[in-house]
Structures are given as structure tokens and as C-alpha cells.
Amino acid sequence: MAEPLVWPDGGITEVPYRLYTDPEVFEREMERIFCGRSWAYVGLEAEIPGPGDYLVTRIGNRSVVITRDQDGTVRGFLNRCAHRGVKLCRERRGNCRMFVCPYHHWSYDARGRLKGVPFIKGVKQQGGMPEDFRREDHDLPELAVATRGGVIFASFAADMPSLECYLGETNTAYFDRVFDGRELQVLGYARQRIPGNWKLMFENIKDPYHASLLHVFLVTFGLFRADQRSQVRMDPSGAHALLISQRGAQQASEHTRDIANLREDFVLEDPRLLDPVKEFDDDATVVMQTVWPNLIVQQQSNTLALRQIQPCDPGAFELHWTFFGYADDDAAMTARRLRQANLMSAAGLVSADDSEVIKLAQDGIEQGGAGKGIMLMGGRGTDDEPHMVTEVALRAFYRHYREVMEL
Amino acid sequence: MTTADLRFELEDLYADYARLLDDGPLEAWPDLFTADSLYLVIPRENHDAGLPLAVMRCESRGMLRDRVRAVRETIMFEPRYLRHHITQIRPETPGPEMRVTANYTVVEVLQDELPRILSVGRYLDLVVRDTDGHLRFAEKRVVYDSVLVPNTIVYPL
Amino acid sequence: MTTADLRFELEDLYADYARLLDDGPLEAWPDLFTADSLYLVIPRENHDAGLPLAVMRCESRGMLRDRVRAVRETIMFEPRYLRHHITQIRPETPGPEMRVTANYTVVEVLQDELPRILSVGRYLDLVVRDTDGHLRFAEKRVVYDSVLVPNTIVYPL
Amino acid sequence: MTTADLRFELEDLYADYARLLDDGPLEAWPDLFTADSLYLVIPRENHDAGLPLAVMRCESRGMLRDRVRAVRETIMFEPRYLRHHITQIRPETPGPEMRVTANYTVVEVLQDELPRILSVGRYLDLVVRDTDGHLRFAEKRVVYDSVLVPNTIVYPL
Amino acid sequence: MAEPLVWPDGGITEVPYRLYTDPEVFEREMERIFCGRSWAYVGLEAEIPGPGDYLVTRIGNRSVVITRDQDGTVRGFLNRCAHRGVKLCRERRGNCRMFVCPYHHWSYDARGRLKGVPFIKGVKQQGGMPEDFRREDHDLPELAVATRGGVIFASFAADMPSLECYLGETNTAYFDRVFDGRELQVLGYARQRIPGNWKLMFENIKDPYHASLLHVFLVTFGLFRADQRSQVRMDPSGAHALLISQRGAQQASEHTRDIANLREDFVLEDPRLLDPVKEFDDDATVVMQTVWPNLIVQQQSNTLALRQIQPCDPGAFELHWTFFGYADDDAAMTARRLRQANLMSAAGLVSADDSEVIKLAQDGIEQGGAGKGIMLMGGRGTDDEPHMVTEVALRAFYRHYREVMEL
Amino acid sequence: MAEPLVWPDGGITEVPYRLYTDPEVFEREMERIFCGRSWAYVGLEAEIPGPGDYLVTRIGNRSVVITRDQDGTVRGFLNRCAHRGVKLCRERRGNCRMFVCPYHHWSYDARGRLKGVPFIKGVKQQGGMPEDFRREDHDLPELAVATRGGVIFASFAADMPSLECYLGETNTAYFDRVFDGRELQVLGYARQRIPGNWKLMFENIKDPYHASLLHVFLVTFGLFRADQRSQVRMDPSGAHALLISQRGAQQASEHTRDIANLREDFVLEDPRLLDPVKEFDDDATVVMQTVWPNLIVQQQSNTLALRQIQPCDPGAFELHWTFFGYADDDAAMTARRLRQANLMSAAGLVSADDSEVIKLAQDGIEQGGAGKGIMLMGGRGTDDEPHMVTEVALRAFYRHYREVMEL
């Protein structure tokens, strides 16, 4: 890079602001983190139930096609024609046996293998491809694919470890808690373009400290409180994390006085907005799981959602939400999930705070001049902690980040 | 064919809707809906695919009021100005219960930024003559074409 | 002065025009024109300079249908949503043959992109009462101010 | 409740207003105002804070004409096309003196540039029946939300 | 450049994607290709018929004024005031004797020679320019101008060869086929901003291979078919090319089966959309000529058009269409040209495919990671070929490109 | 920088166009000029009259908070939270005792000193900041503040000279002419985003040569004429300048013939638009003062305004206008100021010429290729001159610019 990036003395307790603005850092992140040795979330099996069904999504800055082949196996490949680079698939979802490029109709199978080249032998003994042209030299980069509990992950690396050992024991266990084998039902999508660096999204979700302060709505209704029973757990690498907590009551406490504008008198006119029912075996009412490099699995009361992070440039990323339930939900549960969704996504009574504060963070960071953020809450360690007054999961994230980025 | 007066009453309903959201008072906005009204802000892709997920779902006037109060008291957001354009207001059926469609655009102005289109789409509404004689929304589905939302939708559309 | 009913009938004609283009079915859109209608989409610079070249020129309802079929079956393009706003609908002359002017904006939303203005300009129309009693466009000139087209105009404006 | 005819007369006044600014002749635009009319183009932040500063302030029809002449003869500026959308035209009070509010957007097209929103906001107007029987603006306050102006406002909004 | 660009082993059969995205490559292209030793199309004599008439256009990223001086000679100069860089001319077209800068009213003649400097001697013996200020030191860069058949070309290089030897014999001949000395009549303009690298436009026009596959409309109505009589011809340098073909009938053939969505049953409700009449002496129904560095001359049935390429940045260019006919066209022919124009430009039933596929190409190419396009159809050669199943004209283009760019 | 910038031989009479387009030059300007050793205008005391009142503005590319503390002293600090960089203050104006960051509610006092960190000691003996965390290590960068005549200036440099010696004697005197101790009354604001380099704004105001040519309106009504009595005066450093002139009559003269489109027959239908009354002791009717690095003080007849320059990037800046009068103005004078404001700001009958010509300058400059502007009017010197046919103030500006930028 122009000037080599020097990490501050504070190590993982300090993050240089250049990481949020430098195009070369961004390029390196795309290569090493998103398109490197990682399992990226790409969709749900329920979205491509039948043979030939496909979806188009993005890993880092690359468009990929995920499809189910005729044997029912999930496949994936880079969405870029081998001929002259055209983005092959234009629809977000569809069904087809062969993927035909619009420009010269080269066609590829479910694994991105080049199967057809019009006029390859020419027309009327004229033109066509040279003798030594071999179709198999022009297959598209195929993705490794792993699925678990109906969730699809893909990787540009061929020799990835299994999803289980990638996630680690604890994270696999909590992943299975939601994706327990029951058939999933997609309730719908929401998409945002957030004007901040993609890492700010992970920092936000891995940070329980902010939740009890920024999210007045949560605190007001006791959905999340600094004095709740809770824990922060990571996998050994620090890449993934779990925020697990248990709902409290709507009441003031010594720990809510810090919240400038807590509204103790706020009583819902229509309480159906918040009528959670227990649906998992443990006591956790909120489990937020962050999976390196692009996924957030959210169980907030009865709202179940996957958030996929698609970076655009150093200063912006897209956040794609998939809300889901289970095929065996009754109407009341579905209605509940849909009502509680008011708290989340592009107009979320809670998540609006986050997308707004991420913009404010990027605005502040881009002001130029050297600078760095600090993450000292809860000390300097990276071990699991049984409370939420900590930034431990951020430190663990950056420990892993530095290894992968070699920064 | 609906009468001229009814048409203008309808135009005024939409004008009031826009004014209360753009210039306030926001607190008066839920009064344009019936007590048991349904208000949805839903991406066009969900609407077209028959998926129920909406980014705002208020199943009563009370829920609209809860939403307004959250905007006022609990949500943290940058100051902004919004401006509606509601056009092609089209009552599909005459009478006291009207299916009405309209196109809308909401332009957003953040402080020290240039104006931009926050949302564009259409309204699929059911407008009724309420007990007190006023026209109100019994249903309002805001189906937005701008599926990729530029950051945050803070105020109702 | 045209009567209220006629004005609303006119408003509805434009609302239908917008809806058929934005929400479909596109196949029904040519029915808003007379059999021998003229439809032009022409850059303002040509219009002002008296140059005849239009980027769309349909000299009959049949040609409109051919255009629609090409959009459906032969043209290759990225999926997109469009949304019209037609305002200041102004009948210049009363009676069965009306010169009507209006301003329009069409907002385009490409997949995973933010909304943008595809085209802005005005309509110079001739609206007539057709044999079956419906109002239809005998002429529609779409004069667009946005002379530099952002890539492609796939659907009629 | 105002009568249908008056409403349409009002709609036409705004349509003429838009047309004269967008398509000309600009010279005829001041005639839509009364002799002693007040015309202000004022940023919303000033309006809301009770600060009197307007970026255009014409305290008579004569001053409007002086502004038009300056645009024609003295101001140096790049050629541009403008297009108005005026919606939610809402007469607050019936009768010969009407307080009218409306929302507006003006889209600007500079040569070889893509269209962009020049200004968005609302009109706070007083419309009167002038001595010659025509409706005219006795006051027009253009309160613009787009406080940060993209370069220059050459033509009235 | 940052890292020197290494051309792939495939030579001119392979194009590195960096050529479509790198700002430094783009800068170099502006200097060497557009503002270097080339004849750039700038307009038609018919657009500036009288003395003092002028038009403003762009060569590469530079604005230029083309005007007819009082003797009737066509002149051109850079549209940038010598004083402080202001873009002198703001109107697209006009008429004037002197070009006056708006800022301090410095005035220039038709050749861009500085003629007037207000207050050059000061006012009341005060101020003004220093003694040694010589107006003639501040003339604007004048362009070399060449015209042929009513078409105007200009160059920033003073010592250009004649247009004829620049085009070469064949290309000159075909150029004269359309611009045969008859007075031209401008029918109108269309302008697009296409979100792709400018070279993708040339690749598209120089590529007959795509036409018989992408353009279902053309194939459906037999306007262009892989099995038509046709030829691809270049000038010796490879810079320019001609695609010449002859219309077939609307019928299926073994060579149309490759076209996924051919519509054999598509019959026009109003056949006037396509009622070509023969107007040139040869059998060619379509002649597409590409002239380095910025022009496409199109004769597609009775549609005559010039397309001028104005690059914006690596990822976008403007395409400016000038549709024309001949002053002696009868009304029927003019009507025919105007109706057939439905196939072309911003809303063209045919060219829409091209602007859309160019965007898809740029989208695919910009996905990052190394990558290259391949151009092997029709072999590896760069000689003329009597058929259209070939990418030969693209190879020839890049052969010349590499010479000029020294890449 | 990429290639080191070589200044042309002409020295301060020639400005290389790269200064208006190069991002590295821009970065350096932000550091050295705006956030370096300079007094930047930030607002008026009248805008924050009471304790706790604050306003948010920008110095260069940095957001700053200016506030009046409980003792009534004006203070300022960088608007960026020390925790993770969030832009603290979101409102343009307001009142508060402590500044609370929305993200984790860290709170700062009027000097930007960190006063509160929620859960600093943890919750229920869990979490919190480490033992060695000291709040005072995390104060925000405080600004030096100076006020004169009700105008507030701030600096990122701690050891600035007094405002008086920064401005120099003459500029201080003329500054005091307008800010004479009378209470100021804000009449309102206007804001523009002008697509040009920020220096073009200073060049424009420091250049009396253009005023008598570009501004046909001024000349037509004799508000500014090349043959008026006038002077250009600088401070010793050349950073600041004064253009002082005296209104003439509406009549033609040998010196107005240069103005192509002078409108002698233009008579106002409503002369109230221009009915200036003398309100200062001297004869000057127009005094334009430019204060390095971001302020223009304008007295144009009875229009009093401050223009603050906020650079966005090399190709754009924001211009923030504050129109004001005096608390003791009578209604007639206020009406006069408001009417004369028609000549200024975003829709100004006069200043529209300037914002438009600045865009044309940037458009011309960005055309690429080497290039430079020349500033020879009035010779090569940098001394005060008793007339307006000169670019002396621009030369002085660039002399100082080169020193500060070390270019």
C-alpha cells in the first residue's frame, strides 16, 4: 500500500480509522476475507427447492450463482462469462437447466462448466473456434458448497474444513438451535444500502455494550438491559461470536439511569407489537450470532432473520435481510413474527438506531487526520464473558482479522 | 363514476396525509386511519411474490400511534426533511368503500446533503367513510419499488 | 371550461396509462390509443429544433403492439421497475378533441441499485372520444428534457 | 368546500405557472401575480426559524419583471432545462381569497448531464380573484427543503 | 502505473480486464488515442453551414469548438480559455464571429487566436497587462481539420496524414459509399450515457458473432443471420473495420436453432416498421464501419447514422447519435428512415440489446480479481474474412491498440 | 505525491491546473491550510448567545462543535467521539450542558473533555473499563477560539498569534468597520454546493478585474465599474485582501464598451430593488474582504454577509452564507438589506454569475492534459494597488499558499 499501515500500539484494543476508508485495504479484504478461506452465507435451501432452481447473490464484490442441479445437489459458480466477462445471470431468482450468456449464448451447466459455444465449428465451413480450443479450459470458477439445517454456505477455496469445525463447537450448537432440521419458511426480504464500512456492521452486532444504551426502545420495554443475564461467547478463532441474553421486565434500575432518554411511561397502545412466546428450550430470549465473513443470525424473541453483508466500497455495504419461520408455524406464530419484525430491518424500531449510528460513525471516521477507535470495555482479553458490559467480541474479531489480513 | 365532491375530498385526504408526514404534526397522522386499519410498508419483491414480510406493519391505529411515539421519543436518527409527491390518485370503485391506487415518491434531504429519492412506489388503499363522516384509510399498502433502501426509513411513507 | 366529469375521465386516462406501464399488463397499454394514433418519444433538442427524429416512433396502434411484443419477446435487458408521475394535466381545449399537456417523470429502479430519474419531460397529446365512447390518445408526443439518456429506454415512457 | 370549477381553475393556474417557467415564455410568468404581490424563495431553515432572509424576494409584479429581465439579459449561466411537478394542491379556505398549499419538485437538466433534483419543497400561497376576474397569486412563498442548493437557482421555482 | 500491466500470453486473443477499469490506463488512452495521432469525428458540415456557425463537442475528455470561419473554412480549437481555464463556449451550437470568455471577456477568433483582452492597457493609466505581454503567446491549441463528403474530422496532432491514407483504401471507399457528395440532411440526435468502458462499444460493433445471437429481433426478421453472405474487412493498421452483410429472409435454418428465443411466429402488425428499399449500388444491406478512435458509421437498411463515442471515465462513455439522410430524399424515404430508426439508439429494438449487454459486461468485469476476455472465434489471425463467425476485427483493433498504447 | 508537482516558471503569475484536481494536494490543503496554523471562521456570537448554546460547522473536512460554556466563554472541539469515532452532534444548532454520543452515551463537556463513560465500573462487579483506563486520556481535540466584534474564529493550532496580528493592521481596521461592536442580528442563511475547487471562490472574490466585465447587472446599474475609484489592499502575508470601491452612476463610458451585453436601457420597474443608503463613515460602497482560509466578509451597499467556505473534495465546495444586520436597524433598513439580498447567494442577480463561472472554470480545468492559469493583469507584483484592473490579490494569495503548502 501507499504507506504501509502501521497498527497502533494498543493492538486489538485499537482500530486505525484507515481500515474504514482505504481502497487498498478494501481490495485486500475482498481477496483474503470474502473470496479467500471462508464459508460465506449465500442463501437457504428453501429458496431453491427444486432441480434447476437458482439464486444470484454476492460474496464480497463478486456475483455468484447458487443452483440446485438435476441430482438435487446445491452448486455454485462465479457469475461471469468466460468469453468476455458478461454477468451471466440477471434475475435474482429463477429456474433453468443451462445458464446461457446473453451476448453470444455460451452455455454453462449447474457447476459452471462450459457446455455450449454457438458456431464453435463455424458456419458453412467458415469461422468457428480454432482446432486447439478446448471447452473444458473455459469452465467458470466453481464454488465449494456446504449446507447445514437448510442454510447454504459457499467458498472460493476448494479445500475448506467442514462447516462444523469452521464454526466451532459452541457456534455450531447455537446455529443448530435455530436451524434444527425443521423445514424453513421464508417470510420475506428487506434490503438496505448503509453508508458505512462493512466492519461497522459486525462491530455493532458483536457489541452488547451499545444495546443497553443506544436502543431506548429495547430498554424501555425491557427487551435488553445491562443488568440482564447474558453472555458473550466466541469460537476459538475469534471469527464468530454469540450474544446470548434473557429478557427482563419493563422497570427502571440503577443501570438504566445512564440512559438519557429512557421512557418509563411509554406504554404501547397496541401491545400485540410485543407479545413474545417462548419457543426454544433454553432461557435465552435473544441470540445474535455473527458468522465470519458475512452473516448475522438473529433470534430476537420470535423474530428470526438472517442478515447478509455485501460490501460495496470502503464507505458502504448492503445489508440483505431474510426473515423466516418454520413450515409448521401456526397462523398466530406467523402473525407474531411478522409484527415483531417491526423492530428490525430498514424501518426497524430498534435497528434504525444501528443503521443511523453506523452512518454517523463513518461520517466521523472519514473526517481525515490520523485516528483510531478504542475497544477497552471489559478489559483487553478475548475470552468468553458472562455479561454484556464488554467489547470482547470485537477484540476477538480484530485478532482474527489481523491474522487473515496480515496487518 | 364518483362525484366531483368525493374526488376532491379524496384528493384532500391524500394532501393531508402528505402534509402531516412532511410538515407535521406527525401525531395527527394516525387520525387519517380507522381504528382497526391495516398499514403496511412492503418491498415490491415481497408483494409480488406473495411474501407477507413488511418493514412496517401496523394492525391498528394504536400501533400507528406507537410507531409515531417511537419516532418521537426512542429512535435515534439524523435530522431530515421529507417531501411527498402523490399522483395518479385513482379510485377503482365508487361508493363509501373505495379501492384507491396512487403513485408516490418521497424525496429525502439530510442536513448538508443534496436531495435524493428515499422511496418510490405505489399505494394500494381502501378508503372508507368513517362513522364521524370523514374519509379514512381502512387499509394502506405502501408497495415500494426502491427495494434497496438508502439506509433508513424513519418516518412512515 | 371542460366539465368536472370530463376532467376526471381525463385524469383516469393518465392514471391508467401510468399503471399499465408501471404495473402492467403492458399488453393492454396500446388499447389506450386510437387505431391510427401517433406515438413519439423525442428528445427536447430535436423537438425544439424542428428535427423529426424520435427514439420511439409508432405510427399506429399496431406498431405500438409490435413494440410491446418486442419488449416481451426479443429485447434483452436487465430487470427493472419503473414508476410514473404525471402532473399538471392541462386540457388546452374543451370538447371531444382535446389538446392536453402534462409534465412527467419516470423513476427507474434497477435490481440492487438505488432509484434514479430515467426520464423527465412533458406530454403533448391529442385526446379524442373514440367510437366506443372511451377517451383515447390520437397523438402522444413524449418530449424528454433529459436528453442524455441513462443507458436504455426499454419500456415506453 | 370549494366548487369543482374553482378547483380546476386553481389546478390550471398551477399548470400555467409550471408551463411558463419550464417551457416559457418566461416574460408571461409575472402576469400570474397581482400587481402588489409578494414572491419569496426561502430555505426551510429560515422559514422555520422565523428568519426573513429569502434568496429571491420580489415585493411587486414589477420586481418579478425585473428578475425575469435580468435572467434574460444580464445573468451569465449554463443552458439548462427545468421541469416542475406540483402536487397536493390544497386550498385551505374556500372563497375569493384562498390560502393554498402544494408540494413541488423541480428537476434540472444541464447540457450533457443526467437529470437531478434542483429543488424540492412546498408552496404557501395566497390566491385571489383579481379585478379582471382571473385567479392570481397575491403571495407565493416557495419554502425549499433542499437547503443546500446544487450550485445556482437561475430561474424562479 | 502502480504495477506495470502485463499482457496475457494469448496476445491479442486475450484482453486483460484491467484495461476496462484502471484510471491510469484511461488517462493514457485519452492522451495517446483520442488526443494523439488520430482523426476524431467531430461533426457534419451541414451542422455549421454558414460563416460563424459553430458546434461544441468532445474529443476524448476535452471539449472542442468546431467552427466555420468567415472564408468558409472549417476550424477547431480547444474549448478552454487561456486566461484561467474557463470553458469558453457553453451552447451546443451557435453562431458568432469572436468567441468571448464569460469571465473577463477575453476574445478569440475562429482559430482560437487571442484577439481581445479587455483593459489590456489598463484604465486611466492604471493596471493592465505588463509591457512584455504578447497576445499571440496565448492562442488556444488549434486543431487540424479534415473534411470528406461533408463529414468533419479533427486532430490535436499537427502533422497528420491525409484522411484517405488514415482510413486506407477500402475504408475510404466504403466511407464514400455513404458520403458520396450528396448534400446531407440531419434528421436528429439521440444521446446515451452507457455505463461501460468505451472499448466495449467498439468491440460490440466490430463483432458480427454476437449479432446473430443476441439480436433476436434482427434474426427473427432475417435482417442479420449467421448464414448470410457477409464479410469483415480491416484497414492495414487494424484500427478501422467494416462489417458488410446482406439481408436474408425470415426463415429458420440449421444456424438459427442456437438462438434460444428466436420468434419465428413474430409477424409485425404494422409492417411499415421494416420496409427497406435498396438505395446503394451493391448488395450490402448492412454496412457497419468503425473508425478509430471515436466513430461508427452505420448503414442498416435505410437508417443512416453516425455514432460518436465520448469517454467519461473507465466505467462509462457517452454515445452521441446523428441520424441523417440526403437533401434529395423524397418524403417516403424520409418517413422510412425515421420509422426504421426505431431499431436504433436509446430505445432501439436492436441497439437496446447492445447498451444493456455492455452494462452487463462492465458489471461482470468490475467484479475484481484478475481476469481476461478471450477473442478466439475465427482463429487468431487479423486478416479480412468472408463471413461473420469471427472476432477478427477485435483482434486487429487490439493489435493497433497495443502499438499506440505501448502495452 | 505520485509525481512531485513542479511549479511553472512564471511563479505566482502561473497556477498549475493540477492544484484544482489532485486529491493529494487537497489532503495537504486540509492538513496545512484549514486544520493548520490558521484562524478559521466558525460562526457568530449572536448564534450562541446563552450558556450551553452550540452550533456545528466544518473547518476544512472536519466537523467541529462551537459552544458557549456555563461561564459564557466560547469553546470548540472536534465533533468526533473518542470511543469509536461517531459524529457526536447531529443538529446544526442546539443547547446542552454535556454532549452525549448516541452510540454508548459517552459524554463530553463544552471543551470536549470526556466526563462520563456509562458502566465504566461495570455492572454487578462485571465488565467495565480496565483499572488503568483514565478518562482524561480521551478528551477530544480542543480548538483555540478567538472572537472579535461578535465574530468567532477557531484553530486546531494551540499557539496561534492574536487575531489582530493574524489579520494585520489594515484588514483588522476594515474588519472593525463592519463589526464595530454593535450587536449583530442574523437575518438568515443560504447554502450552496458549488462544483469547483475551493480556491476558485477566493480567486473570484480577490479579482476585481472580472467584476466590471462578468457582472453585467452591476455594471448596468453602476454598482461596480472599471473606472470607479477603488483600491486593492493586502496584509503583509498576502493571505487576506480587501477590495474597496465606490459606486458610480448608471452611464456608459469608454470603459464599458468592452462589455458585450451591457444594458444601458435596463430601467428597473421597481427601483426599491436598489435603493442603497450610506451607512458607513467612508466613501466605500463595496468592501469585499477575504480572510484566510475560509471567510469572505461582504459589504455590498447595504447587504452585509459572511461567506464561509467548506471544501468537499478537489472539485467541489460548499458556500455557507450568513446575512446579518445590526440589532438597532430600523424596519426600513432591514427591508432594504433583505431586498438587496436579491443580488447575492444561491439565486443572486450578481453572484449567480460567479457560481456559474466557477463551474465553467472547473469544467475547463478538468479537461486534463497539463495546463496552467495566468495572473498577469496589473503586472507581477503583490503590493497594494489603487485601482481594480489587477490580479494582484491573487498573486499575493498564491505567494502565501506556496509558503504554507511548501510547493
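Note that the chains take the letters A, B, C, D, E and F in the order they are written out, and that residue 1 is the start of every chain.
Keep this in mind: a contact is a pair of C-beta atoms (placed from the backbone, for glycine too) under 8 Å apart; a residue touches a chain by one contact, two chains touch by 3 or more.
Model, not experiment: these values are computed from the prediction.
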Chains touching both subunit D and subunit E: C, F
Equivalent interface positions on subunit B and subunit C, same or different at half: different
Selected pair, greater C-beta contact count between A-B and A-C: A-B
Approximate Å spacing (C-alpha centroids) for the pair subunit D, subunit F: 31
Inter-centroid spacing, subunit E versus subunit A (mean Cα positions, whole Å): 45
Rounded Å distance between subunit C and subunit D, as computed from the means of their C-alpha atoms: 27
Subunit F residues counted as touching two or more neighbouring chains: 90, 92, 102, 191, 193, 214, 318, 353, 356-357, 360
Residues of subunit B touching at least two other chains: 4, 76, 78, 85, 87, 111-112, 114, 116-117, 147-148, 150
In contact (per the touch rule at the top): chain pairs: A-B, A-C, A-E, A-F, B-C, B-D, B-F, C-D, C-E, D-E, D-F, E-F
Sites on subunit F touched by subunit A in the complex: 27, 30-31, 35, 60-63, 78-88, 90, 100, 102-105, 118-119, 122-124, 126-130, 133, 138
Subunit B-touching residues of subunit F, taken from the complex the two chains share: 90-92, 102, 191, 193, 318
List of subunit B residues in touch with subunit A within their complex: 41-43, 45-46, 49, 51-60, 62-63, 65-67, 69-70, 73-78, 147-154
For the subunit C and subunit B complex, residues of the former touching the latter: 4-5, 8, 11-12, 14-16, 18-19, 22-23, 81-87, 105, 107, 109, 111-117
Subunit B-touching residues of subunit A, taken from the complex the two chains share: 92, 186-195, 214, 216-217, 220, 261, 263, 266, 268-270, 272-273, 318, 323, 334, 338-339, 341-342, 345-349, 352-353, 355-357, 359-360
